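Structures incoming, each one as structure tokens.
The same chain A turns up in both complexes below, where it pairs with chain B and then with chain C.
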Partner chain A sequence: MTSNIGFVSIVISCILSLFIIILFFKHVLFGGPLHSKFFALYKASFFLIAASFVLLVISFIISDFSIVAVYENSHTDKPFFYKFAGTWGNHEGSMLLFILIISLYGYLFLLFSKQLNFPLRFTTIFFQTSLQFAFLLFLIFTSNPFEKIFPIPNQGLGLNPILQDPLLVLHPPFLYLGYVGFSLVFSLLLGGLICNYYNQSWAAIAKRWIFLPWTFLTFGIGLGSFWAYYELGWGGYWFWDPVENASLMPWIASTALIHSVLVMDKTKKLYNWTAILTILTFVLSLFGTFLVRSGILNSVHAFANDPERGLYILFIISLITFSALVIYILKSPKQTEGESGFVLFSREFSIAANNYLLIFALTVVTIGTTYPILLSVFTGESISVGPQYYNTILAPFVFIFLIVMAIGPYMKWSKNSFAVSKNKLIAFLISSLIVTILASLLLKNQNFIFILGVLCSLYLIISVLYEFAYFKNIKLKQFNFPRVFSHAGFGFLILAITLHYFFSKEFTAKIPLGESVTYKEFVIKFSNYFSKEDKNYQELTGEYEIQKNGEKIVLKPSIRRYSQPQQFTSETSIRGEWLSDMYIAMDYTSDTSDGIGIRFYHNYSIRLIWLSYILIAIGGLLSFMRRKNEQ
Partner chain B sequence: MKNFLFLLIVFLLNQQNSFALFSQDREIKIYKNIRCLACQGQSLNDSNSDFANDLKKVIKEKLNNNETDQEIYTYLTARYGDWILFDPPVKKSTLLLWFFPVFILVIGIFILYKRTVFEKSKLS
Partner chain C sequence: MSPATKKRLSYFLISTIVLLVVGKFVYNSLQGNTVYFFSPTDLSNLSEKPNGLIRVGGLVKKNSIKEKQKNASYTFTITDLKNDTYVEYEGLLPNLFQEGKGAVIEGVLKDKKFLLAQKILAKHDENYMPPEVAEALKKSGNWNKNYDQ
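What follows is the complex of A and B.
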């Protein structure tokens, strides 16, 4: 019953969307006033999608196995938590969430844009509706979440155990609120271009619709990174896995966008560039969805492998990109030469410079992710593109990026302000150099890359802290807290990554019960094990005594065998200290004659990495709130 | 200031021996660069599978025979193809992979250079 109502509300919402599109064209082509219920219809379409989503959640919670998606991804033995979050732990449910969020952003826009230019408002809603319509068709024809099964099975197949983690509740919705959220600024751009309203005040409106999804995306990526660290048991925080890259691509593009829209707002420059970045950000978000959903990639995220769906999404992306580019080319504002030039060492110059570096990084990530796929399609040759590629090619530019990031805020808009700030910048250099040299001597590491990494990130951190220490001189309201948080966060992030890269230790070994192995200053003894049974899994826990410089700690990693579906997972055991983590994960093996395999990691400054993510995201949140206050 | 720069140069010159980029245990560095073909996206270093352990033994032996990294990689790619290396080699079919980003960067620098003026008065 719920399934019928759910499906019907999706279909009605789809018909309403079509109706809104027709009303828009009627108004534009034949004149006459816009239908008085135009916005009300849009709100109705949103509530219908929301209702069907709630119904799907309920079906998952009550384990309604007459629905294929529930049958394939749930089980009565599962804790309530995972029944609930399992709603988006599968292709159909996550596509419905995807559409819900497109629609939600449109709805929020309607609520908070009452004072806006009327044509801009309804044209934006028209574009948002078109996006919603395209994906509703996709949902109805290829991935109906309410598809029924008969006879009704007694029991479901269960959720992929790797996904059975509390973070499943937060990570996917946050990511979607992030990259699907860029749909609104995309619609706003097309609306602005069509209504000839793409100007400085457009930038002022658009800012908050960029900051909000950017904040969610940053949190979402951070949560994913944290999840991978303790759940996958590979000991790291970032693997340059294609699916991670799929979320990083729109993040880089939108970070560039945040900065270019500021330039547009303050100096009336970068109009065309901002438009291109807006389109790029949203297209990359869709492209990420395509990569993950098409089954091209083999990963924990690719839970549905169906080429037909991939083709349909590819078709939607092409159509959206093509239409956006046509509108942009026909309607983009003409700029005079004076408007497109930069003064050396002005604020907008440094932002433009870092924008190009971001585009470079974006190119690296995009080409690194897609090249192996394209190469194997066209030549049949298979290659791997791993962390080494990204590290080699990105590292040198990160250093320049950090320096420009530090210098930029000390430059004034449209003025060559190098001379004014020269002394400060040199003072930062000297102080960061002194700290770096001390650190290098103290930590006994004189590697060139290590020194550069520490130096450049300290330079950024010190330049931000200086601003912070002297903020008494300006009014609190004018102080740019968002930037201070995000920039300091990024400085700490690179510092933490550098320390992690150079000081972390890792090794693997097979240890029989009662034996111990020695690696550098660590002695690891497999002292005991015990097993227990839980509702939906059996668990074997090992006890490992780790001795380091006379100190002894015990870590208890485990292996779980889930019953529904039958699958093993490895639960890590982590002992965190201020600067470092000790981390053990066990391997699952049936043959324990020569011991159980473990992976041991001594990870430096991991906590600083989590802290940096939070700082960066807080910056985004503050920007959003600040822009709100200004209006 | 001059004294400071002098000290800096002395400091940097003393570092010359350690200019090897990304120094790490050589053995682990090699393991990290090799895909465990029996696993899902893991490197040899992260895996205890039979495949990984056997291949580690082979590599250790080669290291003891003083073979260079390049010799070891050549040996492995001859058997398993480029798929086994996480660090893609520079060759004809990967030219775009390595140099397209550089091309984008050069274009970016060129555009920025063309559009930058030294003083505000020069803006037409």
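What follows is the complex of A and C.
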């Protein structure tokens, strides 16, 4: 019953979307007033999608196995929490969430744009509706979340145990709120171009619709990174896995966009560039969806593999990109562009320089991600690109990037301000050099890349801290807290990554019960183990005593054997200290008589990495709130 | 040439040079870090053994996993049910690594039938077959519907 209502409301919402599109064309082509219920219809379509989503969540919670998606991905033994979050732990449910978020952003835009230019408002809603319509068709014809199964099974197949983690509640919705959220600024751009409203005030409106999804995306990526670290037992925070790259690509593009839209707002420059970045950001978000959903990647994120779905998504992406580019080419602003050309050492010059570096990084990541796919499509050869590819190419550019990030904020808009801030910049250089030399001597590491990494990130951190320490001189309201947070966060991130890269250690061993092994300054003793039964898994927990310089701690990693579906997961045990983490993941063994294998990691500055993610995201959040206050 | 044309020309030249240098840099790094995938049959068909890091995928042959002494070093056989590759691996076998299941192994070839493994990739769930392995089995004519879940 619920499944019928759910499906019907999706279909009605789809028909309403089509109706909105027709109303728009009627108004544009034949003139006459826009239908008075235009916005109300959009709101109705949003509420219908929301209703069907709630119904799907309910179906998962009550384990309604007459629905295929529930049968395939849920089980009555599963804790309530995972029944609920399992709604988006599968292809159909996550696509419904995807559409819900497109629609939600359109709805929010309607709520907060009442003071806007009317044609811009309804044209934007028209484009948002078109996106919603395309994906609703996709959902109805290829991935109906309410598809039924008969006879009704008594029990479901269960949720992939790797996904059975509290973060399943947050990570996918946050990522979607991030990259699907860029749909709104994309619609706003097309609306602006069509209505000849793509100008400086467009930039002021668009800013908040970029900051909001950017913040979610940053949090989402951070949560994913954190999840991989402690749940999957891979021991690291980033693997240059194609799926991770799929979320990083729109992040890089949108980071460039945030900055170029600021230049557009302040100096009336970069109009065309901002437009291209807006299109690029959204297209890359869709491309990420395609990579993950088409099943061409081998990853925990790939659910059911169905090439047909991949083709349909690819078709939608091509159509959207093509239409957007046509609109852009026909309507791109020509006269509105301010005086072109940049003054050396002005604020916008440094932003433009970093935009180039970001685009370079984006290109590198895109090539690394798509090259193996293209090669296998055209030649049938299968290859993969190792992490060293990204590390070696990106490292030197990140260093330059950090320096420009530090210098940029000390420059004034449209003025060569090198002379004014020269002394400060040199002082930062000297102080960061001193700290770097001390660090290098203290940590006994003279590697050139290590020194450069520490130096450049410290340079940025010191330049931000200086600004922070002297902010009393200017009015609190004018102080750019968002930038300070995000930039400091990025500086700490690169510092943490450098330290982590050069000092972390990894070690594997098979230790028999009661015995111990020595690895560098650590003595690891396997002292005990016990097993227990839970509702949907059996768990074997090991106790490991670790002695380091006379200190003793106990870590208790475990291995779970899930019964539905049958699978093993490692529950890591992590002892975090300020600077380093001791981390043990246990491996499965059916026979414990000759010991259990463990992977021991001594990871440096992982906490600093989490902290940097948070700082960067807080910057985005503050930006969003600040723009709100201004209006 | 007018100054404006001169300026434009110099911009064009500089950006072309920068692009070429960067392109070369990316290309080299890509070549140096590309890991090719082979099935055991692919390997036996090669005239020359590939150097550097490669990946070999297939099924872990039944009863082939053997532990050497107690230092967590293993040997096993990867098969596409037509040809075999013998693998030696020092380290722990991941949870998802099991006889009769698909696996992808990264390492360096000692000779065409013998791989010194550095990494075992098993980041998939139990029912899921790595696409490369599925492809390898299809090529060797041993694809079985039961693998496709």
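The criterion applied here is as follows: the second predicted complex is superposed on the first by the 623 of 631 C-alpha atoms of A that agree within 3 Å, B and C clash if a C-alpha of one lies under 4 Å from a C-alpha of the other, contacts with A are read in each partner's own complex, and residues count from 1 in each chain.
Note that in this section contacts are C-beta pairs under 8 Å (C-beta built on N, C-alpha and C of every residue); 3 or more make two chains touch, one makes a residue touch a chain.
These numbers come from a predicted model, not from an experiment.
Engineer: Quick check on the chain A-based superposition: chain B and chain C, clash or fit?
Structural biologist: Superposition result for chain B and chain C: clash.
Engineer: Which partner chains sit in contact with A:359 here, chain B, chain C, both or neither? Use first/second/both/neither.
Structural biologist: The answer is first: A:359 touches chain B but not chain C.
Engineer: In the overlaid three-chain picture, which partner chain does A:160 touch, first (chain B) or second (chain C), both, or neither?
Structural biologist: second
Engineer: For A:16, using the defined touch cut-off, is the partner it touches chain B, chain C, both, or neither? Pick first, second, both or neither.
Structural biologist: Neither chain B nor chain C is touched by A:16.
Engineer: Of the partners chain B and chain C, which touch A:508 in the superposed model: first, second, both, neither?
Structural biologist: both
Engineer: Going by the contact rule set out at the top, does A:249 touch chain B (first), chain C (second), both, or neither?
Structural biologist: A:249 contacts neither chain B nor chain C.
Engineer: Does chain C touch more residues of chain A than chain B does, or is it the other way round?
Structural biologist: Touching more of chain A: B.
Engineer: Does chain B (first) or chain C (second) touch A:587, or do both, or does neither?
Structural biologist: In the superposed model, A:587 contacts both chain B and chain C.
Engineer: Would you sort A:388 into first (chain B), second (chain C), both or neither based on which partner it touches?
Structural biologist: So A:388 meets both chain B and chain C here.
Engineer: Now for A:599: first (chain B), second (chain C), both, or neither, which partner does it touch?
Structural biologist: Both chain B and chain C are touched by A:599.
Engineer: Name the contact category of A:567: first (chain B only), second (chain C only), both, or neither.
Structural biologist: It touches chain C, and chain B stays clear.
Engineer: Taking the contacts chain A makes with chain B in one complex and with chain C in the other, which residues are shared?
Structural biologist: On chain A, the residues that contact chain B in one structure and chain C in the other are 234, 298-299, 360, 363-364, 367-368, 371, 381-386, 388-389, 392-393, 508-510, 587, 597-599.
Engineer: In the complex formed with chain A, which residues of chain C make contact?
Structural biologist: Those in contact with chain A are residues 22, 25-26, 29-30, 32-37, 53, 55, 70-72, 91-96, 123-128, 130-132, 135.
Engineer: Mind pulling up the chain A residues that touch chain C in the complex?
Structural biologist: Going by the criterion above, the answer is residues 160-162, 232, 234, 295-296, 298-300, 302, 360, 363-364, 367-368, 371, 381-386, 388-389, 392-393, 508-510, 512, 559, 565-570, 587-588, 594-595, 597-599.
Engineer: Along chain A, where are the residues that touch chain B in the complex?
Structural biologist: Going by the criterion above, the answer is residues 234-235, 239, 241, 298-299, 336-338, 340-344, 349, 352-353, 356-357, 359-360, 363-364, 367-368, 371, 375, 379, 381-389, 391-393, 397, 414-416, 430, 433, 437, 446-449, 451, 501, 506-510, 587, 589, 597-599.
Engineer: Quick check on the complex: what are the chain B residues that touch chain A?
Structural biologist: Answer in residue numbers: 4, 8, 11, 14-15, 18-23, 28, 32-33, 35, 40-43, 45-49, 53, 81-88, 93-94, 96-98, 100-101, 104-105, 108-109, 111-112, 115-120, 123-124.
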